[in-house]
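The first chain written gets the first letter, and so on, giving A, B, C, D and E; residue counts start at 1 in each chain.
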Amino acid sequence: MTLLIDRKEDVQFGVMENKSWRKPVYETHGLNLWYGTTHALKNIDLSINEKEVTAIIGPSGCGKSTYLKTLNRMVEMVPNVHISGSLSFKGENILDKSMPVELLRSKVGMVFQKPNPFPKSIFENVAFGPKIHGIRNKAMLEKIVQESLEKAALWDEVKDRLHTSAYGLSGGQQQRLCIARCLAVDPEVILMDEPTSALDPVSTLKVEELIDSIKNDVTIAIVTHNMQQAARISDRTAFFLNGDVIECDATSKIFNNPSDKLTDDYINGRFG
Amino acid sequence: MTLLIDRKEDVQFGVMENKSWRKPVYETHGLNLWYGTTHALKNIDLSINEKEVTAIIGPSGCGKSTYLKTLNRMVEMVPNVHISGSLSFKGENILDKSMPVELLRSKVGMVFQKPNPFPKSIFENVAFGPKIHGIRNKAMLEKIVQESLEKAALWDEVKDRLHTSAYGLSGGQQQRLCIARCLAVDPEVILMDEPTSALDPVSTLKVEELIDSIKNDVTIAIVTHNMQQAARISDRTAFFLNGDVIECDATSKIFNNPSDKLTDDYINGRFG
Amino acid sequence: MHINHDITENSEKSIRELIEQKRQQRNFKEMFEKSIPTFLFLIASISILTTIGIIYTLLSETIEFFKRVPMTDFFTGTVLKPLSQTPEFGVLPLIMGTLTSSVIAMLVAAPIGLMSAIYLSQYASDKVRKVFKPLLELLAGIPTIVYGFFAFTFVTPLLRQLIPGLEATNILSPGIVMGVMIIPMIASLSEDAMSSVPNSMREGALGLGATKLEVTRKVVIPAALSGIIASFVLGISRAIGETMIVTIASGSTKNFTFDITQSMQTMTAYIVEVTGGDAATGSTIYYSLYAVAMTLFVFTLLMNLLARRISRKFREEY
Amino acid sequence: ACGTDENQSENSNATELEGSVVIDGSGTVYPLMAKIAEEYMINEQGNVSVEVSRAGTSAGFKKFLVENGTDFNDASRQIKDEEAAEADALGIEVKELKVALDGLTFVINKENDWAKELTPEQLISIFKADGGVTKWSDINPEWPDTEIKPMGPNENHGTYEFFYENVLEKQDLADTVNLQQDYSTLVNLVAEDKNGIAFFGFGYYVNNTDKLQAVHVDFGNGPVEPSLDTIAEDGDYADFTRPVFTYLNVNHATDKPQVLDYAVYLMNNVNNFAGEAGFAPIPEAEVEENIEFLNGLTK
Amino acid sequence: MVRRIKFRLALNNLSKYIFLLATLFGLLVLSVLIYRVVADGIGWLNFDFLTGKLSTQPERAGIMGAILGTFWLMLVVTPVTMFIGVGTAIYLELYAKKGKIQSFIETNISNLAGVPSIVYGILGLTVFARAMNLGNIALAGGLTMSLLILPIVIVASQEALRAVPSPLGEASYGMGATKWQTIKNVILPVALPSILTGAILSLSRAIGETAPLVVIGIPALLIPFPGSIFDKFTVLPMQIYYWTLDSSLTAEYANLAAATIIVLLLCLLVLNSTAIVIRNKFQKQY
């Protein structure tokens, strides 16, 4: 156990406790989700707080991605999905169909496991969001692209090849490009689904640093299968198992002194 | 660090040192492999010893599966694969094309990440290998099927439904069925590629127990992304990174006192 | 960076505010967006209109035909003499011609197509496949009129040297050529079926030391069986509907026979004969055209439904 | 093949015509009509499009006898009373134009060295039902003891009708007669079959003399070989000769100058092209008569 | 065991050659066919033949009319099938709810794909040529051909759309793009090469198709070049058909038919190669 505590301190974990006053951005109550007859989320109660990094961990198939995709209603893309319960974003129930998903999604960015840039130039990738939301002014777009790439710590690497294909970038650069693409519409929340699991160590580090650098401006929910990563970068951690939230608490608490035996077993690699 | 040492002791790791006299089944020298222009294995030197469990760990894409598939030449299924260097199985160079792969593969079984039973009955699945190798006698086949299923700790669960489709089994049962299918041809080596990563905790445990129970008879090479699993079940561990073997040593050594900084970083989740 | 006053003005606002502002002006776009599904649905319904058109056209004239010729005469008659002084309208000779030529075609296409599929999907190296597949596709792309010409000017004379007694127009030659035409279709559909057998299953068998032949016979073909059968059924359907090859090479004798060395007429060739020939609108022969076309349509429809059923079952397996 | 466009406008008539002339009908007449149409477009009126189809005589009449139907209908038989009545009902004035003479020719295989000469009675016995002849030896015991393979064009064709009505005199055809839609099929069948015998228009024989030989028919005055001379109006083969026609929609001819112009050209030239297309010419007097009629329409 | 393996391997090798022979059979027929056609027709293939007007005399017959007719036909078929085909595919893949209507339309399309071409000819004759009173002009032929190949274009476009990696669409939706924005900006551009490949292959089917036009009725002699889609027309395969039929009247027509086949096959070869080039160029880019 000592190992993990040691590592926490390396990444200045102490701040966390001060954050407990933060107000929730998302509040989930009794959320159930079925894919056809598969009950993928079972009566979830969970909050995600403003300007915190919330890590979601759990074994494969436990519903992590599903939960994340519910937060921006991307999960509705799957046919035959049924949702019940309540899920509010800044006090507004987003499961209510009257809320336009486009508006929600422009406020809630998403980054996926595999980098998924569009087969367009780097510039066009970042400008995509602003453009579809109606910003046409060229100078304005240039400004947004530059700012977003700077925030994503990618500007210096790509500023000379903005108009070349995004596919020419390395995997890690592509993933940061995807984050830049999110940042370009000035989101309030960014959802990340195992954003580093396809990346090499160096790129992983860069993405983690990037998360660290934006977390004062944006709320972040991140799914990861790497427990050390969760421990390093998150303020709070939620442990999912079989569609249930087994435990959700401050990260230091989860990793050092989990309340649930299952959490303990999982954290310590006894399964999964 | 203490954490891991503690856990080692739980699974009686002490035996390992006594095994160092074991003779190598596989010897790899300067093995290089290219997929087209991708250099997937770079000058690998590695031995796999008789009746030991060798774990192969490393981040995604480092060449673990590729190396494993080279051991039974399944890798040649991929078009445009080029191999150089030497790889001997019990003293015979198996990269030499004059050796029929069918013979090699009947001695070297393989278990895959996702259970892949044939769309046939449970019985037919297990009898498949013996049948293609010319065993037609019904009583003989029945005996082989029963013994293999018993070794795979599956007999009791399926003995009443031998002639029903293998697809009716749970994921964990299917995986054990695949192991039984290997055992039916009495292999000398079994190669396992993340055999438990698609399984639930309970099934994982069963497969691990199964590995433990057969390891006195068969040589096992197992790829796993779960470091605790490697620590629990293996005698030796090889750490791959970017197509290279960074370090290969007794498991206790690797996990407690790795010689290489990279190994240490990986084991402790600093990347991957 | 050069900044014009437009942005300076805009950049007072954050991106978010800009986006919100743009949202207010989106009414027209939203209406446009909302109308798209309806518009596309209308386009998609053209295919349904086509079906309705076909069925309506065929059915209305067929009904007229059956007012003049009893249905039983049509479906059980073995004599077709539409223009004779004492006309007879038995469709059986045409059905016989159609089935005979289709069976011959399948006897050629099924084994050769399947073996080609096996070769391409299981044995051929990537390079070989890259050369052979487009060549086979070429075979599929050759217009049927060209096959007809080939059957008539080359295959028939060749066969006549091998088979004494083979008539100058016969059902054998176009049958064989139709078979050749269908080979690529069966090859490619069966290949699809075999390649969609998960690789893991193939690996499982190979890992046990099975040879490619054993993997193919014991794992791949059983697993792909319904897909393969579906490809055969589609092949038959294609043969039944084929027109130009038989029109050119099998003559127009309305023979009710099993003798493949003789000239026979298929349903499709009959339609060509009647439309290209002396069919006066309003005559019984003219209506017989629709009755035969309807029969042909029903035949191929049943085949397609069957193939679809079989292959759906196949797809459910994985 | 082209390039003559400029010359033709020079030597054409004073008036430049355009528009189309639509011709359908008999397949037998088609080759003759196509040749004349082509020459007309090359030498006379380059901007007129003369389209020639060949749905067959009766099908052609159906397209001819409707409002805005075809301008001409080729026919290898005379218009039937019903058809004429229908024209009257529609107010279509129809003018029959005889264009050529065709000899019904019986062809046999090149290797057939016995049945080179036959009488009409022998021919009838081969083709009619219960004619008592199925083998060559039934006609002449010295001839081979093999089945005769009679064949001919099917009921779609005016040629069939002529054979059935004028030769067989409406007696039934034997079931064994192999009736085909396409003349090319018949040519091939006989060319490949030693025992084959078929009948069709002279044109299909004369273009295939390398593959077929024609039966010389003995009408009582010794065997006559069908040829352009013998099939003429009062030639020795006249018994098996029939006239072929085209029918003009007179209303169209008065409304559309190009139709009339073509009709005149047609009549002026039928006899020049007949031989080339395998037909015998018609008497000049008949031609003159028709041209006079057409000229009458101009006023 | 080793002996058995030798036997099994031998059997494996033997069957490999049998399968290879079967594959080669098709290719053998292909080469004989091409050889025969070229041998018969190449001597007649020259500039005058390609650019000349149709004629009853073989020496001066040309196929420019048929080439232009094919062109006008395609000028109808291409936009009609692309518009309806891609539109239908987008509806089915991206808009239609997976349910009864969608599966009804899909079943319907797959059945239409199996309807013999001659039946489309009857439909075209009844609806376009007669009911709409278009007669046998290129527009009527083109619309008939469009209906004929529409199912193929739809299915090919559906496959192309389905093959667009879902992460791309997800990325776009995740940015708050509307459905149509996502389709227009992301999905269609990515699917376009495959859609084009499928469309080109189906168009080549329309170019080679004869039966429906036989039913609609194409004049056997049509000398003037068609000048628009409203003119009567003939196409290459029809010319081959007529010349094959008339070869018993004029033997050289068989050579003309063969020469026309060469031209037709070359057209198709060019189209198919274009399709293959497009496919290979854009394959596996994502």
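The rule we apply is simple: a contact is a pair of C-beta atoms (placed from the backbone, for glycine too) under 8 Å apart; a residue touches a chain by one contact, two chains touch by 3 or more.
It should be emphasised that the depicted structure is a prediction, and the values quoted were computed from it without experimental measurement.
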In contact with subunit B and with subunit C at once: which chains are those? Just list them.
A, E
Higher number of C-beta pairs in contact (B-E or A-E) found for A-E
Whole-Å gap separating subunit A and subunit C, where each centre is the average of the chain's CA atoms
49
Please work out the Cα centroid separation of subunit C and subunit D, and write it as a whole number of Å.
40
Using the average of all C-alpha atoms in each chain as its centre, how far is it in Å between subunit B and subunit D?
85
Give me the residue numbers in subunit E that touch at least two other chains, ranges are fine.
8-9, 178, 217, 244-245
Two or more partner chains touched - positions in subunit B:
102-103, 106, 132-133
Among the residues of subunit D, which are close enough to touch at least two other chains?
55, 182, 188
Can you list every touching chain pair?
A-B, A-C, A-E, B-C, B-E, C-D, C-E, D-E
Show me the residue ranges of subunit E that touch subunit B in the complex, using the header's touch definition.
1-2, 4-6, 8-9
Please give the residue numbers of subunit B that touch subunit A in the complex, ascending.
1-4, 7, 59-61, 197-198, 200-202, 204-205, 226-229, 242, 265-266, 268-272
Can you check the complex and tell me which residues of subunit C touch subunit A?
1-4, 6-7, 10-11, 14-16, 18-19, 22-23, 25-26
Under the definition above, what is the set of subunit C residues touching subunit B in their complex?
125-126, 198, 200-201, 203-211, 214, 218-219, 222-223, 317
For the complex, give me every residue of subunit D touching subunit E.
1-2, 20, 30-31, 34-35, 37-38, 41, 49-55, 182-184, 186-188, 203-204, 207-208
